[in-house]
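First chain A sits with chain B, and in the next complex the same chain sits with chain C.
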Partner chain A sequence: MTQAVTADDGYSARLTRLTLTWVLVALVLFPILALLGFLMRVLQAGFFAALPPEWFYAVMTLHGLGMVGLWFVAGMAGVSLLLARYVRPTLAVSWIAFGATLIGVALLLAATLVGRLGVGWYFLYPLPFHSGGTWPPWATASLFAALAIMGVGWTLWAGDLLWAIARRFRLSDALGWQYLAGRETPEVPPIIIIATVSLIGVLAGLVAAVVILVLVALEGLNGTFTNDALLIKNLTFYFGHMLVNITMYFGVAMVYEILPAYTGRPWKTNRLVAAAWNLVLLLVMFAYLHHLYMDFAQPQWLQVTGQISSYLISVPAAVVTIFSTLALVSGSNMRWRLPSVLLYLGVMGWAIGGVAAVIDSTVMVNSRFHNTLWVPAHFHTYYVMGVVLMILGTVFHVAADLSKQPESLALTRTIVTTVGVGGYGFLLMFYLAGVAGVPRRYATYPDEVARGITYAQVSLAFITVLLLGVLLYIWDTGRRCVRALFA
Partner chain B sequence: MTGTPFAVFIAATVVIVAVFAFVARGTRENRTSDYAKVNRTRLLFFISLAVILLTFLVLTLPHLPYPGDAGTSGYVVHAVGKQYAWSLTDGAGPTLASWDRDMSPTITVPPRTMVEFRVTTLDVNHGFSLYAPDGHLVAQTQAMPGYMNRLRVSFDQPGTYTVLCLEFCGMSHHRMRGVVEVK
Partner chain C sequence: MRPRAFRVTAAAALLLLPLAAAAAPLPDRRADPPDEERVLNTAVPDVMLTTAAGERVRLSEVVHGRPLLLGFVFTRCVGVCSPFLRSWRAADASVSHPSAFHRLVLSFDRRDSAADMAALAEHVGAARDANWTFAVAEASDVERLAKAIGFWYDWDETNQQFDHPAMVAGIRDGRLVRLLVGGSISSGRLDELVREVSGQFVASYPLPGRVRFRCLQYDAATGRVTLDWGFALLLVPIAGTGVTTLVMFVAGARLRRRASTVRRRRAPS
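Right after this comes the complex of A and B.
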């Protein structure tokens, strides 16, 4: 049952071309968005003080929305490629999603860089409608148009992937329930289960996004109707947290599918794997509640549910996926190449970022860490040193295979060293500043939290090293992709 | 207060890095998988993790920052946020119409007395946060349109405490401030 789809009529070539197109766009956008992040730390470090703060917040919005969107679509594209070993997604739908994403990116660029829209990546209601004269109404309209267009494209894309899975597996089998019932057949590879769980999560998150857009539109059209800020906040964080978590799971799906090629050991589904991912599907619906701990008006039982769910969701991740990664690698004849190193380090980064996230999901601790730099510290850990490494490892795995060019081990060592040292050094400055109570999302630091300036200054050196590693990776991978695309 | 979670984080990170490094070094041996041993180790790990998480739940959940009852407790301060200022008054807070006349960015409260901040906003979400004279974050709650959040704090040390905004609210978010004089 888990045999790869072999029938071909040019499908593989078209799928490869599509994936490489996604990859090349991602490889262009990634360093640009990373440079925007660097620029933010430059401004926080006290340099270019003449630049008006609205530029900082516009750049912050573009950096956040851009990175979240970029790694989501990169995850979707990567998982689509790997899923095609077992099922057959509709390529036209992926192209529609690609077109919708490009239109969305163009609208976001216009809203932020021309309109100077500064609302943060989760555009918390009702801020988009209270610009204080900073951005014009068309910039807000542009933001919501971008979200609507990308939302439609991504919904179709996720729906098509689920449909492709459903054409080959019953939903209960795709979720691995046969393993929970004690049966080993039909055999389903882990990526099918993880993708099914993730895609259901994507659709659930996008439903919340649609509700937000409808409610906001209703308020805009009917002057007498005012939305409930707490309800919109719950919906916003449900959607945002879901999107970010699912992106992480896409990376993990890649680890399950690709790492065995380097260890020489299979990674098969069993009852534990099936149970873990079904538990994740349940808990991920509630873990978002930890974003609202400081909203004291939220019912207390929901706050307690948030902490318990956030703690529990770490168990399947740690005991099944992270532990199994270690068991798969331990004592194997592992081929340490750039893809396997990045996948392995990505899992390690996920574990470290996960610990920081669990700590922050403790209500008592959140009173001191909420919206300090501890927050970007932990999510940058499981992005930059987690899912991004997993996706970059997968991209190199594919690019190296297509280009047939040998890997330079010296270059691999340089990339891994610079990304590792630069990445964790950059993150440490975030963590230390968070512990010191330095707020996140400040264009400049007032006297009470002026120590944030020093942390920002030190971080610039580490970000420079990190960017060097990223650019080396992009140069090496990009030329392989270009060669494969035009071969 | 923030030192303990950071110490836990650093300790956990050291353990994670050490385990990943140890496993990576062991790949030179090419052993056959001993599934029974793997499962025993996994069970041990699961039990250890469960005990750790349960311990933290038991230790921390009794210390939720939410006021347990709706009654007035001690000294009451009405904290109202509006792009980009805090109004702190001991009477009812200003409205949009009376903002220029009634807002006050400074208030004085007594030390070692329970002070209840009744926090709301007239426009967007803000984050009401109290920073001690030495710059450490004392307490916080969100200011939400249409809601009033109650935050109770007892200031042990006299001095000038600063109110900053901890929820991004627009271009002068970082300049939004108020002052609580404790004396």
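Right after this comes the complex of A and C.
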């Protein structure tokens, strides 16, 4: 059995303090960014019609980039904490990433709320450079500076975590190849394999971001140089899809590591788990291609690769994890507490969102659904009701453990009910609107798709319920974290 | 080179790279035509004009809500201005609905007066055409307008002339929708511009030869698509991360071996 790291020279206390700092920042940013999402639906519902549409796109950019970045760093912080049971990441590097993230957030706030930058979370080239006077050039510069600063911080962070694993494990062991060869030793916990796969993916995504920044800088500095929009789109979605995908895998790593504490059964690595995550490492490099189905210039063999990768990647990561979760829980004396319920619901949300994603990654379907609200429906499903619940469950697990305060079952029921009803109600409106052909990224709906207004209005009620549940969770978890941080 | 010195040098080089790039001489903008992509949809300022007839009016009052074609010239021009205007006038004669949009010819030379522009209008035969306005404006307003549509003009001391491109800007609802660049305007190109400013979709393509690192090359003659150098950049993330991961784990293995050797040496025999 792989031994946990036990030597302690204050490292655990410093790691806990660092993690709680990350958590508190996340708990502050989450409701703010969620309210921005609420505001977008308010505008689509036909309220505040006087607000110029530029604001919708600026808010959409901040909401999208903010949420993607927030849950990525939350996932990284959670995995760092759990990895520290087996390896020893460098805390200073994590603090550097923390500082870089704060600077990046400040720059993004300035670019969107002051500069009204409205490029969306994918900042698709060449839109940032063609504002048509809607946002000033400094807002574009601010966006890329934010990406560069956060990119450096996150690359160092991911590199350090991988380095911590490399100092303890051989690459073949960290990837679980011994299980593929039929050997059970050296025993490696699932989180090591998942983290190794995920961190390699993160680094690949961040390298793609570096290539984008270099190309964009070259164009900015040299007036006669123009980038190939198709190349930049490939790189952008390589980076963006990777970051989002890996965030989900961080959540899954937390499920593997924490859920056994509630089921009373260990969740050990076996040949199936090892094979699944090695396949993920291969397929995750190509799954992003489904974002380019609409690009007719992309060669057909790449489109086919995208569809096959997108289909296959759902098998090893999702199906293995989902069935393993069900097998782990089934027949066990599961303690249904807030962390275990959120982790379990997170896996199920991931499954539902995954099915919707696989539907959308089918070329024939995508040609109909690509620009409808089906797309935000599926990614909000595996985010809000998937990885976010996994991370919130983990945070509560850690906070409850540190604060030693008993859990209120009544509050747990209220949180789970409001988050479940509000979350799925809000998502249902997205799905129904998507099937009805309501376009995405519309600040207001013209007469041809006026039905989108009704869906948006109904969704406001559900979002309110969801936000109520989120605020209750934040109040309950936040006070535990504050108590633990200042104890 | 010692490792520490190498690290310091590499870090310094990385830090200096942006500075060096920033200090690099700017490209000569005369080498390329104005880049439409950078100014599309830019709001055009509603500046005050003095028409050839001496009237002081706002740009919006001249246009009256119609689409606008705007061209910059100067009356002392011994180069492109006159042939440019004549070709524009000639191509304009075949436009099907001439009053559906307005044409404005504005001087960017502060020495030009309303009378100079009136003479120019007479010279090209547009003085009595209600769909054409020749005008001058305050230097600062000219500068704002020129910036909005991506037009530039540089004084050439040697030739005692302005160096500038010849172009017509298509403006609809106060925003730039298309640039027509070139010293001679054909009726076909003008027709495209007119249709574009009237709200019709007219396909356009980026200027050839400017795009570096293309993913693919398309041969229109054969219909074949081949991979280009840009595609190699798509492999950089996979290759870069693969190498980095291998280096890390090899270094990690060495560290473990070294630690194991130290432990063995320290262990009591």
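Definition applied: the second predicted complex is superposed on the first by the 484 of 487 C-alpha atoms of A that agree within 3 Å, B and C clash if a C-alpha of one lies under 4 Å from a C-alpha of the other, contacts with A are read in each partner's own complex, and residues count from 1 in each chain.
Everything that follows uses one rule, which is that a contact is a pair of C-beta atoms (placed from the backbone, for glycine too) under 8 Å apart; a residue touches a chain by one contact, two chains touch by 3 or more.
Bear in mind the structure is a predicted one, so any value in this text is a computation, not a measurement.
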Superposition on chain A - do chain B and chain C clash or fit: clash
Touched partner set for A:Asp228, first chain B, second chain C, both or neither: both
Dominant contact partner of chain A by residue count, chain C or chain B: B
Touching partner for A:Val211 - first (chain B), second (chain C), both, neither: second
Contacts of A:Leu24 with chain B and chain C, given as first, second, both or neither: neither
Touched partner set for A:Leu35, first chain B, second chain C, both or neither: neither
Touching partner for A:Tyr445 - first (chain B), second (chain C), both, neither: first
Touching partner for A:Arg170 - first (chain B), second (chain C), both, neither: second
First, second, both or neither for A:Ala297, with chain B first and chain C second: both
Which of chain B and chain C A:Ile453 touches, first, second, both or neither: neither
Which superposed partner A:Gly437 touches (first chain B, second chain C, both, neither): first
Footprint overlap on chain A, where chain B in one structure and chain C in the other make contact: 126, 130, 132, 134, 226, 228, 230, 297
Residues of chain A defined as touching chain C within the complex: 126, 129-130, 132-134, 159, 162-163, 165-171, 174, 200, 203-205, 207-208, 211, 215, 217, 221-228, 230-231, 234-235, 238, 285, 297, 299
List of chain A residues in touch with chain B within their complex: 52-54, 57, 118-120, 124, 126-127, 130-132, 134, 226, 228-230, 233, 265, 294-297, 300, 303-304, 307-308, 311-312, 314-315, 318-319, 323, 326-327, 329-334, 336, 344-345, 347-348, 351-352, 355-356, 358-359, 362-365, 367-372, 431, 435-437, 439, 441-446, 448-449, 451
Chain A-touching residues of chain B, taken from the complex the two chains share: 1-3, 5-6, 8-9, 12-13, 16-17, 19-20, 23-24, 26-27, 29-33, 38, 41-42, 45-46, 49-50, 53, 56-57, 60-61, 63-67, 83-84, 123-125, 127, 129, 131, 135-137, 139-142, 144-151, 162, 164-175, 177
For the chain C and chain A complex, residues of the former touching the latter: 18, 21-22, 24, 26-27, 29, 31-32, 35, 37-38, 40-43, 148, 175-176, 206-207, 210-216, 218, 225, 230-231, 233-234, 236-238, 240-241, 244-246, 248-249, 251-253, 255-256
